[in-house]
Amino acid sequence: MAEKMALAKAINESLRKALEADPKVLVMGEDVGKLGGVFRVTDGLQKDFGEDRVIDTPLAESGIVGTAIGLALRGYRPVVEIQFDGFVFPAYDQIVTQLAKMHARSLGKVKLPVVIRIPYGGGIGAVEHHSESPEALFAHVAGLKIVSPSNASDAYWMMQQAIQSDDPVIFFEPKRRYWDKSEVDAEAIPYPLHKARVVREGTDVTLAAYGPMVKVCQEAAVAAQEEGRSLEVLDLRSVSPLDFDSLQASVEKTRRLVVVHEAPVFFGSGAEIAARITERCFYHLEAPVLRVGGYHAPYPPARLEEEYLPGLDRVLDAVDRVLAY
Amino acid sequence: MAEKMALAKAINESLRKALEADPKVLVMGEDVGKLGGVFRVTDGLQKDFGEDRVIDTPLAESGIVGTAIGLALRGYRPVVEIQFDGFVFPAYDQIVTQLAKMHARSLGKVKLPVVIRIPYGGGIGAVEHHSESPEALFAHVAGLKIVSPSNASDAYWMMQQAIQSDDPVIFFEPKRRYWDKSEVDAEAIPYPLHKARVVREGTDVTLAAYGPMVKVCQEAAVAAQEEGRSLEVLDLRSVSPLDFDSLQASVEKTRRLVVVHEAPVFFGSGAEIAARITERCFYHLEAPVLRVGGYHAPYPPARLEEEYLPGLDRVLDAVDRVLAY
Amino acid sequence: MTVESTAARKPRRSAGSKAGTTGSKRTTSTTPKKGSDTDLVQLLTPEGERVANPEYDRYVEGITPEQLRGLYRDMVLTRRFDAEATSLQRQGELGLWASLLGQEAAQIGSGRALNDEDYVFPTYREHGVAWCRGVDPTNLLGMFRGVNNGGWDPNGNNFHLYTIVIGSQTLHATGYAMGVAKDGADSAVIAYFGDGASSQGDVAESFTFAAVYNAPVVFFCQNNQWAISEPTEKQTRVPLYQRAQGFGFPGVRVDGNDVLACLAVTKWALERARNGEGPTLVEAFTYRMGAHTTSDDPTRYRHDDERVAWEAKDPIARLRAYLLATDHADEGFFAELEAESEALGRRVREAVRAMPDPDHFAIFENVYADGHGLVDEERAGFAAYQASFADVEGGN
Amino acid sequence: MTVESTAARKPRRSAGSKAGTTGSKRTTSTTPKKGSDTDLVQLLTPEGERVANPEYDRYVEGITPEQLRGLYRDMVLTRRFDAEATSLQRQGELGLWASLLGQEAAQIGSGRALNDEDYVFPTYREHGVAWCRGVDPTNLLGMFRGVNNGGWDPNGNNFHLYTIVIGSQTLHATGYAMGVAKDGADSAVIAYFGDGASSQGDVAESFTFAAVYNAPVVFFCQNNQWAISEPTEKQTRVPLYQRAQGFGFPGVRVDGNDVLACLAVTKWALERARNGEGPTLVEAFTYRMGAHTTSDDPTRYRHDDERVAWEAKDPIARLRAYLLATDHADEGFFAELEAESEALGRRVREAVRAMPDPDHFAIFENVYADGHGLVDEERAGFAAYQASFADVEGGN
C-alpha cells in the first residue's frame, strides 16, 4: 500500500482525497488553479474538480481568508493557500480577530473548519519575505491550532486531520522539504494530529523540533552518535497545542533539552517550551533548556541564510553546551 | 517643577512638547483631532497645532501606518494612534513587513522614526477587542522596539524618548492606568528608555512586570510584606529589548522570579523571560520561573475579566508556589 | 467643512479640481462628479408626502396599509428599545450602548426587504435589522452588558453576530454569498457597514471578490454622516454610492430616513442578487442623531444645529404624517402602539436586570470546537485555584 | 475567459447584468460600463504611425528627434539589461529575475515624464523606471542575487527600494506625497503597481488617503494582463482605470506599449499633482511578454498565441518604425545603439560576477538605527561561535 512520494505530492494527494470525499471541501488561493500553485502542491486539482471547488482568487490575502470564513459559515470547508509565509500578514486581522474568535464569540454555535496552508521557512535561496517562520505569531492566539509536518507521511495524514477538524488550523508546510520523499501509507491508522513523535531514541540529550528542522536534528543525532553521544529526537508536529507530556517524558529520561526552530529565538516556540518544561521538570533538568533558532534580525538575503539558519553544527554546538552543565 | 498628573495627561503634555520642539513631529489617527482621541490623550493638540500636524485620518489602520511610513520617508516623525489594542491587526502587515524591515532593507539608508501608540490591556469593562495585550506579537519581530510605561512620569519621558528614537517604537499605553496620577518632573534627567527599574526592593522573590501590572505587583508586595515576605518589584518598561541584565541582577539576589502580564501566558513575554533567565541564572534559581498572565482563550466579556486578569491574589498564589520549591 | 486643511492652507494646492485640463469632456478618462441631492432616491418627503419614482415605485406597489403600519410599528418599537437600552446603560445595567437613533428607516426598510432565507451580516448598531429578523432584543444586550460577546445563534434567524472590527463582516458576507451561489440557492446576503468603514481595505476587497465571483450580496452602507468624531469628508470626497462603479457593479444612494425608499431600493438590490446579477451597493443617506456610543460626547465635535436640521427629516415622523394623511392609521393605532412600546421597554428592562453573570468557567468554554490540551490544563489550574479559596473560606 | 465559472455553471445566475431593471438610464444609480478599445489613449499605432490626440498631444508637442531617440535608446538598453539579467539567472549568477520584457514603453514613458525632484515607489519589476532615475542597473541585481534586500540609497535618485509585498508601497507613496504637500514642495510622487495588486486592500486605502488629503501622487498601474497565472478577469470585471472614479479622482487608460502616450499621459497626471489637483490613476495597458519570474512556467496557464498577438504591438518596434519613417534616426544610430547595448550587457555581467558575498556579520547590521541589546548579544555569540571553528581549523 505504502508509496514513496515527495512531501508536496503527499499534500496534493491528501487534498485530492478530501475533495473527493466531501463536496464541501474547497481549495482556494492565488494561482492554485491552472498553475497548481507556485510549488505545484495543488497541481491538477482544478482540472479534476473544477473552478467551482479549486478557486483562483483575487490577489488579496485578507479577502481570501475573510471569504473563506464566510464560506465556512455557509457550511463549506475551505483549504486556503497563502503563497508564501511573508504574505500572510495582510490576512492577519481576519485570522486573529475573526477566524480565531468566532467560535467563542458565538458561544459555540458557529464552527469554522478552515485550513490555512502556508509554505514556510528558508533554505531555498529565495528573495525577501519568502523564507520566514511566523508560527509563534499565531501560536500566541487562542482559537487557532498550529501544525507542521516534517515528512511526506505526516503531511498526508495531518492534512486529512486538519481538514476534518472543526477548528481553524494553520498548516505550516516546510517548503524546503517539499521535494523530500518518504513512504506514505494511505491505509494506515493515523497518528493523533497534536501528538509529538519520538523519531529517534536516545539517552543523553533531547532535541525537539518540528517541520524543516526535524531532519537537521536527525542528522545531528547521527553525527553525535559518532562521537558517542545518544540524542533523542522529538518531532513535535504541533505547535498549538504543544505536546508537553511527550516533551516531559523525554526530558525526564535525558535530563537535557535543546529546542530547534528556524524562527527567531526571541519570543519563539523555544521560549514557551523552555519555560514550561523547566516548570514541569525543574528537578530533572541538569542544564537549562537551550534554544537554537533564528536571530533577532530580518531574514537575511539568500547568500547569508546558511549562517542565519540553524544547521547541524549549531545544533551540535548547543548539544556540547547543554552537556557542559 | 514636578507636577502631579494623570498618565493620559502626561502623554498629552509629552506630545505637546514634541510638537512644539520639532515641526516634523505629527500626530495622526482616528478621532485624534477635534475629539482629542477616545481617551482624550490628544486633547487640545489639533486646536493648538492645526489640522496639518494633528491629523484625523480615514478609518483604515493599514492606511494610517502605511502613510506614516511614507511621511517618515519624507522626513517627518509621525506619532500614530491606534484607537484600541484589538484594532492594530489591519495594520499588522505594514508594521511587520515594512515598518520593521525598511531600515535593514535599505542597508541603513532609510530611518523610520514612527511611534505607534496603542492603548492596551483590560480592566475597564469594555466590549470585545478593547482589552487585549498583543505585545508579544510585536516583540517577536526584529526591527521594532516595544515599550510600556506604568506611571505618568515614565509615560511622559518614554514618549519623549520614543519620538526621538530613530527606530520604530510601539508604545503600549496601559489604558486602565490613564487616570492614575503621579509626579511628573519635566525637568528631570530621563531614565534610559529600555532599562528596567527596581520600583521596590526585596529579598525573597522578584516580581517582574510592565505597564498595567506593575501596580498589581506593587500591591502584592505590600500585601506580602504583612505576611513577612519581602518581594522585589521590577518594572521592565521595555519589552523589546528586554533588560535581562536587571532581571539577572535581581534574580541572583532573590533566586526566585515570577513574571506577571495581562497577555496570555502561552507564547507571552513571560516565556522569553523565563527561558533566558533560566539560562543565565541556572545555578541561582531555587525554583522555576513562574508566570502569571491571561489564559489561552479570547479576552472574555467584561463580567469575567476579573477572573481572567492577573490580580493580587493570583500573583500571591504564584509567590506561594515559587517559595514552595 | 473642507476636504482637508492641508490642501486649504497651501495656496498652490487648492482642493478639488481646477478648470482646464480635466473634466468630463475627456472621453478617455473617468472624472468623478460631485453628488447632489437629486442623486437621492426618495419616495416619502420629510413632510410625509408620497412622491412618484418611476424606477422604484414598483417595489412598493402592492404595499398594504397594514404593511405600512407594520413598518411604522417596527420603527417605533426599535426606537423604544434603543431608548431603553440607553437608559439601562445610564443606570449601570449595560457597560455601553451604541444607539441607532435616527437610523430606524434605513434598518427597518432594508430589514423588511429580506426573505427569511436571506442572510444578514451586521455591524454593532443594527438593532432594527435584528428586530426584523426576529432576534429577541434582549439577546442583543448581552455583549453590551458584558456577559458574552454575541448572544444569539446566527443560524437561528440568519442574522450573524455583531462584528466590531470595522469592515471585516463585509468579507464574511461575500464569502457566504459565494457559498449561496455555489449551492444554487435562491437567497441573497446583505452586509451592513458604515461610512467610516468604507475606508477599510477589507471593504474594498469584499467589493472585488463580490464582483469577480458575481456573488449575490447587497452592500448596505448606512452613511450616518459620522464615524465617531469624523465627518464623511474625512473618508471620501465623492458620494459613497459611487464607489461601486469602479468595481463593476451599481451603486445607489437612497434617503436613509425614508423607510419606503429603503424598502424599495433594497428589494431591487436583492432582486438583482437573486437574478444572478451580482452585488449592489446601497448607500442609505441618514444621520446618527445621538452619540456614537454612550461613551461618546458629540458636543466636542459637532454643532447641535446639524442634529436639529436632521430632526426635521425624522424617519418616524414622516411615516406618521403619511399614515395620517392617507387615513391608513388612526389614533387608536398610535395609542395601542404606545402601550406596546411601553410593554416592550418594561420587558427588556426586566430581562436585562435578570440576566445572570456568566459562570467563571465560561472563560475556557468554546475556545475550540475539538478541544485543546492547554485549555484543559488551564481550566484545571483555575479550578484548583478557585477551590483553594473555597477551602480557606470553608476553613474559616 | 469568463468572469467566474461559479456563475457560468448555474443557469439561474448569469454573469453580467440583464436587461430590464438596471442600466445607465437610471439616474440615481451608477452603473459600470464595460471598457472598450476606444478608451485607450494612443499616440503611436503599433505600426508606428503618429495619431493625433487633442487632449494629450500638447504634452509631447515640443519633443525633439533627439528626445525621441533618447526614449528609444532607453527602451533598447533596458531590454538589453533585462535580457542579460535573465541569462545571468540561467547561469546561476542570480537566484531569480523578474523580467520587464514588453513593459518598456510603460516604464520609460512614465519614467521620463518625471522631474528629478519627483519621488518613485516601484514594485519589483520597474527596471526601466530605475534606469530613467539613474540607478545603476547592477544595483538592481543585488536582491535577485541574494546579497542584499535592496541595493541602493532611495534618496540618491528619489527612487525607493523595490517592494515585494504587493500593494504596500502605494501607501508609502501616498504618505510621502502628503509630506510633499505639507512642505509646499513643487514635486510629485508616483506609485507603480500591477493589475493583481489592484485587489489589495492597501491599494484601495491609498486611493482613499490620497483623495481625502488631495495628495500629489500618480498611481501608475501596469496592467500587464497577468498576476502570475491569473488573468486580469480574476481581479476585476471592469477596466481598472475606472476604479479611481469612485474614490473621487480621474482614471485614464493608456496604451502601455506606446512610449509617447505613456509619456504624455503621465506628464498630464504629474501636472495635475503639481497643480494641487490631487491624485490620478493611470492604467498602462500592456503585456508581460515573458514569464512572471524565472521561476515561473507560463505554458501551464496561457496560450502562446496571446503572446504572439502582443508581439505585434511591441513598444520598441513601433518607435523604431516611427523614427525611420520620420527620418529621425538612421542606421548609424541603430548600429551605435547596438554596440552600446552590448557594452551594457558586458558591464552588467562583469559587475554581477564581481559582486562579493556579504560579510556574515551583515545579518546583524542595520536591524536598528539606535541599536538593540539583544542584537549585540547575538552578534557576540555568533562571533564566538564562528571563532570556535577558526580555532579548530587553526589547531588542526
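When the chains are written out, they are named A, B, C and D in that same order, and each has its own residue count from 1.
Keep in mind that, in the parts below, contacts are C-beta pairs under 8 Å (C-beta built on N, C-alpha and C of every residue); 3 or more make two chains touch, one makes a residue touch a chain.
Predicted, not measured: the structure shown is a model, and the values here were computed from it.
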Suppose chain centres are the mean of their C-alpha atoms. Which chain sits farthest from chain A? C
Pair of chains joined by the greatest number of C-beta pairs in contact: C-D
Averaged over CA atoms, how far is the centre of chain B from the centre of chain D? Could you give it in whole Å? 40
How far is the middle of chain A from the middle of chain D, if each middle is the mean of its Cα atoms, in Å? 35
Counting only residues that touch at least two other chains, what does the list for chain D look like? 4, 6, 148-149, 165, 178, 182, 199-202, 205, 208, 212, 234-235, 367, 372, 374-375
Among the residues of chain A, pick out those that touch two or more other chains and give their numbers. 52, 57-58, 60, 62-63, 86, 89-90, 93, 97, 101, 104-105, 128-129, 142-143, 240, 266, 295-298
Quick check: in the complex, which residue numbers of chain B touch chain C? 30-31, 33-36, 38, 50-52, 56-60, 62-63, 86-87, 89-90, 125-129, 266, 295-298, 300-304, 307-308, 313-314, 317
For a test of understanding, state which residues of chain C touch chain B in their complex under the given definition. 4-6, 9, 95-96, 142-149, 164-166, 196-197, 199-202, 227-230, 234-235, 295-296, 300-301, 357-358, 360, 362-364, 367, 372, 374-375, 378, 382, 385, 388-389
Any idea which chain D residues touch chain B in the complex? 148-151, 153-155, 160-161, 163, 165, 168, 170-180, 182-183, 201-202, 205-206, 208-209, 212, 365-370, 372-375
What does chain B use to touch chain D in their complex? 52, 57-58, 60, 62-63, 65-76, 90, 93-94, 97-98, 101-111, 142-143, 145, 165-167, 194, 240-244
Show which residues of chain D lie in contact with chain C when the two form their complex. 3-4, 6-7, 10, 12-18, 21-22, 26-32, 38-41, 55, 178, 181-182, 184, 186, 198-205, 208, 211-214, 216, 233-238, 241-253, 268, 271-272, 275-278
